[in-house]
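Labels run A, B and C following the written order; every chain starts at residue 1.
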């Protein structure tokens, strides 16, 4: 009961933060309401939708919970036309690292379990978890004509945090047959790694071809 | 009988106009025959294909009506290599607003009914209608490396026209149980809104972040 | 027995060459390990995955043969962090035209048979063969924000070689009911056309809009 309420809250928060991140990018690119709404949907639901297409699962999350589509539409209208909401959204977003990290963790582990439950083997399942967590942002960047930010060296751990958390979860599920503990531990690890990479500068070793100059 | 013939004519015309719009973009980007044909197919069949993937429907429109694939191939060859066809296509295209609008209307409402018939809820179905009508053009722009034109403020109503027409159709279908009237009214509304936005400058209110300068 | 071993070798070689081609592009764009691995997977498995989505086939090649995902991950790590491997991969790649061509041929004909076996009509099946052979490279170029190289006039025959080989195979299968001969002949034709276009400059006639200057 308690935890269901918590999950719902985090789910709503993750969808909202994802949508806002898409809207801000859309505004930077001088898009209109259509573009703003489209990019918001792409970020919020793109990853889960790609996962469900790959797993051949229906109905989609956003078909079963249509109200989200409607909420994001209202958000987009307010963001595009109401100055105070627009400013608020930007302020919220600059302080949303934690919510974004929780969203990454939650979506990744949810994607992982979806794949495992469909009988996918372990390594594919872990990638499916990562895809669920990160693909929305990749779609956003491809559509606004930029190289996906999570493929760049700067910006901290994102896909890697998701991958590590998925494997922690897999180990706990497979070895100890403890799905709930796996879920909590995996999500926590993703959130922790993501936030550590932002605040402490934790990152992967530098690729051979990146110089000091590339990092600005 | 009469109306079937009319539908077929409009379907053929919509496919041809979509294909030509893709070819012209491909030529602007100095693509070759392969690129020209690919972009033409993407514009003509991309939206319906995405819809069918999302709805898990098979076979695709272009598998059941393979002849379209072949027609578009012949068109692409002629467009790329025969000067008179190339010029004709460009002239046709500059005068094709009406056909393009009818295509948008027809494809949108067809997508809407496909979703409703699969038991999708109303709001998702309306978005599925919009996706069917507009996604081909979005794919084209993503592949030729431009920000999708329907996401920009200039250019008039496009997705919005489709959305409004889909909802008129839904209302008529749900309240009055009149699919045929819904089909005719929805399509007409989309065509009307699209053409009004082109010829009378009808458009959405300007987003907060767009200035006079941005509009050129 | 013999030929199975040969097929496995070519399959492995084609996956590796595809992955390396993706990694080199990722390095050019200064991506990190995540980007390098993602682009490598996209090139190696994107075409087959799109085909299976269009054909509604599961499980995917890379789910059934998960070990490839793992091999490509190890390759990406070595490519990003081990100087000697990085250099070796670049040298290998500049000499890999033949392997790449065999990969194109093999993947195309495999895609063609997959479509024919699902009962798809002939023309759609031939396009499905081409998509399987070339879509991975198109995805790579879209994500790294370039116009797909196979849509440009320079670069020789690629999709066209695949298309021609698929049709040779279809003719042999349909007229002579000789799948194995079709497979061998189709693949050979693709490889031959691809290599002839590279070494002898065989190409399509120049589109109307391409001038001497465009060709550099």
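For this structure, a couple of remarks:
The rule is simple: a residue touches a chain if its C-beta (ideal position, glycine included) is under 8 Å from a C-beta of that chain, and two chains touch if they have at least 3 such contacts.
Since the structure is predicted, the reported quantities are computational estimates derived from the model, not experimental observations.
Chain contacts in this assembly form a complete graph, since each chain touches every other chain.
At the interface between chain A and chain C, two copies of one sequence, fewer than half of the residue numbers in use are shared by both copies. Superposing the C-alpha atoms of chain B onto those of chain C requires a rotation of 120 degrees, given to the nearest 5. Centre-to-centre, using mean CA coordinates, chain A is 31 Å away from chain C. Residues of chain C in contact with at least two other chains: 53, 56, 142, 145. Chain contact summary for the complex, chain C toward chain A: residues 26-27, 29-36, 38-39, 49, 53, 56, 58-60, 62-63, 66, 69-70, 80-81, 83, 86, 142-145. Interface residues of chain B, counted against chain A in their complex, comprise 53-54, 56, 120-124, 127, 138, 142, 145-148, 150-153, 158-160, 204-205, 207-210, 214.
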